Amino acid sequence: MKGNEALAEAAIRAGCKCFFGYPITPQTELSEYLSKQMPKRGGVFLQAESEVAAINMVLGAGGTGTRVMTSSSSPGISLKSEGISYIAGSDVPCLIVNVERGGPGLGSIQPSQQDYWQATKGLGHGDFRLIILAPNSVQEVVNLVVRAFDLAEKYRMPVMLLSDGLLGQMMEPVEFPEISAKTADNSGWAACGTKMQREHHIVNSLYIEANDLEAQVKKRYERYAVIEENESDAETYLCDDADIVITAFGACSRIAKSAVNKARAEGIKAGLFRPVTLWPFPKKQLLAATKNAKAVLSVEMNMGQMIDDVKLALDCRIPVEFTGRTGGVIPSPNEVLAKLREMNGGAQ
Amino acid sequence: MKGNEALAEAAIRAGCKCFFGYPITPQTELSEYLSKQMPKRGGVFLQAESEVAAINMVLGAGGTGTRVMTSSSSPGISLKSEGISYIAGSDVPCLIVNVERGGPGLGSIQPSQQDYWQATKGLGHGDFRLIILAPNSVQEVVNLVVRAFDLAEKYRMPVMLLSDGLLGQMMEPVEFPEISAKTADNSGWAACGTKMQREHHIVNSLYIEANDLEAQVKKRYERYAVIEENESDAETYLCDDADIVITAFGACSRIAKSAVNKARAEGIKAGLFRPVTLWPFPKKQLLAATKNAKAVLSVEMNMGQMIDDVKLALDCRIPVEFTGRTGGVIPSPNEVLAKLREMNGGAQ
Amino acid sequence: MKGNEALAEAAIRAGCKCFFGYPITPQTELSEYLSKQMPKRGGVFLQAESEVAAINMVLGAGGTGTRVMTSSSSPGISLKSEGISYIAGSDVPCLIVNVERGGPGLGSIQPSQQDYWQATKGLGHGDFRLIILAPNSVQEVVNLVVRAFDLAEKYRMPVMLLSDGLLGQMMEPVEFPEISAKTADNSGWAACGTKMQREHHIVNSLYIEANDLEAQVKKRYERYAVIEENESDAETYLCDDADIVITAFGACSRIAKSAVNKARAEGIKAGLFRPVTLWPFPKKQLLAATKNAKAVLSVEMNMGQMIDDVKLALDCRIPVEFTGRTGGVIPSPNEVLAKLREMNGGAQ
Amino acid sequence: MKGNEALAEAAIRAGCKCFFGYPITPQTELSEYLSKQMPKRGGVFLQAESEVAAINMVLGAGGTGTRVMTSSSSPGISLKSEGISYIAGSDVPCLIVNVERGGPGLGSIQPSQQDYWQATKGLGHGDFRLIILAPNSVQEVVNLVVRAFDLAEKYRMPVMLLSDGLLGQMMEPVEFPEISAKTADNSGWAACGTKMQREHHIVNSLYIEANDLEAQVKKRYERYAVIEENESDAETYLCDDADIVITAFGACSRIAKSAVNKARAEGIKAGLFRPVTLWPFPKKQLLAATKNAKAVLSVEMNMGQMIDDVKLALDCRIPVEFTGRTGGVIPSPNEVLAKLREMNGGAQ
């Protein structure tokens, strides 16, 4: 199954009832799949008039407590950033998928990881966070979609699944776990009809008084602290004795893994640390994985964005270097290996 | 003169010929002033159908080599983020003003600095930067507007002036420097008419081939490196012997300065480091200003955003703490002083 | 039941599966009712981003052979006129409701019949017609909604139900007839999925060759001729011996009927001719109803629009006068009576 | 000079200061010409985000008393119909050009006269009129543009110049008359700035009270009566002794004239009556021109629309027949001649 299609199928199985989107390459298969399946399986598929319309529909439908999602690719996510800030400021759960492509601007339609900063720090105005999940296989896409909906409802916030053109197009065997599709009980806050038996629920991001707004933001940051404590996730590979630990996420981590294997074959003690959650960034896990390392290499399909979070997580304790390609170019294992060799020379 | 009006007047004097915007509090006086003055002084004022329309008009007009600007406040800037990415990807100079207000979402209309991350890292998809200028007085607003246009043309990129509701509404005496309004010679790249005497100039952000796009991005990052080398700017106050250096920008730095004075009166050796350019972040200057410091305190009108850049600039050499208010609440000098006292106790 | 609500209920019973609209007074109860009922009864209610979006959704959904409707009030119908022309040019059946209010422009929100010309002659560019049905009671609203859907599918064209604020707000007892909701078999033309077993159906209004377009228009006018022959409908009241026949439609005809009764009480031989179909205009019926009349009086809630069709139907054989009110003012029976007296004096 | 370009040049000479439009075939040359010339000659050319945006800009700019215009082709005019109703309801002068093409829907891009009804009766909701001018040569395009602006300001209403693809593309020599470009004094009503020396002028179409709205509409219809009395215009050709008078307007009248000449050569006493103003329809002139005629033939590039106005003007006194082509097909003189022969046989 293609990554994009597996993602769509997983969303339906996870109880997603509404999809609002606007067509853009390379996420097309995802919405195409949903356009066919949603009506047959009790859901709504709606191709909106624009990216802006789509994200506001997510806000509206999500505000009723329904499991809801949208998907787009980089330029479309930018257009959605006002709406995403509104969703975060309204404490509305939803799933947002970004199948990244090369930028900035219209850019290219090849895979990229150039939206790391936008996703983890700047997805709209105001203080807020999204949980950012970064799968690196079609099977993990499926698993993380389910987790995304659960986390969104658990913490009443938007969750982004950060995919890319490579993962979206990749075909791999996939198994759909028994999914309960049991959504949380949203009846305590959702605007789902009073039946004249309770006060209206207000789902809103407007606060006339700055003190009220500050109080809301602080309450939200208390939840963020819980998330940072409990929900960070990462995978490690050969890190225990590694001199050099590569940090890489998403599709790019597969290339990094090949490079690690090649390096090991040459006697270079390399390892791989793969954040599964980009926010919360898995600091504790990284500290543990690098306890014996002399250096870290951040491999990204951009000009170097995650490297800042790596440095901050490590408190700048050991050197962190960067290698990567951008604009839709995928780095090769050999390019990464070359950088490892260079660092290994320097590190010994 | 009010900060917003001084900004507008400075833009006209700096040779800005086109303004495209959409009304939003608290930047209203700015566009109101331009709506009256632009037509009388040979310029164009256009209230567009939406924030999205406005930023795309900036792309179009800026692409002809004309000095052009837009302004908005936080939610409007989010809506503009796709267009900003296109402008950056098309190497088009322009001035974008963000008179920040409380967020996320609709938020409040009180002053805020919650868009620091968005401005410095996530203003749209793809690898790119804006030069971000952060004045802290009406006079500096005027000076930086002129510099903003010059930098935009010098490096062919969007420049953002990051103001806030406090600075926008503040009334202070202001002097307009002799401004040459001499715009750069844009005839080498701008789409300003071939007169049938040269090839068409293409102003565009689309690259079908990922390698071509990567080459463009890398060329742009070479310019970014030059900017980081030459254009960073900061102001220091009593830093030489300071045990604790406060970092603060914009309106918030004025509160921090009061706190420094109060602290000094109590014998606490505090100083103030104020970045004028948020990107490029003034790393060298900060290193120099903190060479004797034992700790740094980042004071921000948000939940702590610039603090990451401070830590990275310092290579995590000394502890960096945070205090701030959010959602439109302005911290008081005494709140900052209290934090200084606490840190001073801890630092000795 | 209110007229607007009865209309909505009738539409659901008639098998309408999709409603796309945008809120505007005085049609609000209609969409409000559908927003609650549609999801419960297997239909789709969608509040679109704009009137323009809504009518294009009608084109899209109607093109699949689904029973589909929209409703609006005067300004919204103007915005929809491009889409209505596309629907007519694509031979797509649908129901469009116009709950007229006072115009032009923003106008008033009181009842009006000022859109007669627009409905019968100018609802968009190009040669085309809509069947226009004009009920004058809540019960007839119900009956005509069912007929509207049937006619739309029988002739593959848009049908408009021309209501007004008076009829929309009026409460009357209503009986819902046994409705089969048996939609026509649209599988011969609708774009409802080929299942890989037939050629694609094209639902479109574009013809590059003028000759092809002309052929389409002429074919459509052949159908229009059949409709004019078979589908015109009118109600008469005391016309047989009438000296003066009033022509009036919709809510206005009820006032005219009161005036006829008052006139008869005074010995003035007045009658009422009420077109139920405004297009096709019931010419034959009007000729029959006026065979003994000396004059006709067109009573309208506008400045005199249907009067032209009355004159043309009569081939200008007898004088046709006009009385009416506009801008949302409802004429009183006494005003009409006064005009009848004046004409009666003149006619004898 | 091409008709479209001559139209544009005449508009500038007539003092038009603002053009707002959106590109559509076959009116492209018109806006292209203005895009180049307006900025050089002290005017504003603005390509708006949509047809709807463009017409609302016309309302805004026209409301300041500035000479302003827009142009489009059939589908675009439909989209503008809400705005046109607002302009009429706000008593704002402006020029609207419709370079008609084949419809309905997307239709064809060949010349057509299918928007006669829309232009003269249904250009939006509510009771209102536009003055409709229909030139039949490039020179007359120029002359009528000047007249259009003058009439618009004299009567404070929108004026439409109804052209078509044939006239727009036609090249003919043209002379620009000495044009004073003296606009009317609009200071008595326009929203052009109070300078704190008078009450605000309100330019608006909203009336909460139906009686107020009716009063406005009636006042407007008093002006319409003056226009019908004084501004109707027509050209006659060989009508004095004609048995059959052709009625035809715009480009189509040139074909009709050829047919008249051919008919006369055969001894058929044909003449041509060409309305220059479609509203007000030149009734008196038509009555005079047909005083000796036995029949009238309406020749149109549509399915028969003006024929109703011809019948009504003649009070159905003599038979009125129709011939024409539609969908972008231009009738040939021989087709018209054939119909004349047939009628001549029947009339004798």
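To keep things simple, chains are lettered A, B, C and D as they appear, and every chain counts its residues starting from 1.
Assume a residue touches a chain if its C-beta (ideal position, glycine included) is under 8 Å from a C-beta of that chain, and two chains touch if they have at least 3 such contacts.
Please read these numbers as outputs of a predicted model, since none were measured by experiment.
Following the contact convention of this document, no chain is adjacent to both chain C and chain D. Of all chains, the one whose CA centroid is most distant from that of chain B is C.
Each chain gets one centre point, the mean of its Cα atoms, and the points for chain A and chain C are 52 Å apart. For the pair chain B and chain C, the distance between mean C-alpha positions equals 57 Å. Per-chain Cα centroids separate chain A from chain B by 28 Å. Chain contacts: chain D has no residue touching two or more partner chains. Judged by the touch criterion defined above, the protein chains form a single closed ring in which each chain touches exactly two others.
Interface of chain D with chain C (complex): residues 51-52, 74-79, 81-82, 84-90, 100, 102-108, 110, 112, 114-115, 117-119, 121-128, 204-218, 221, 302-303, 305, 308, 311-312, 315-317, 325-329. Interface residues of chain B, counted against chain D in their complex, comprise 44, 46, 48-50, 53.
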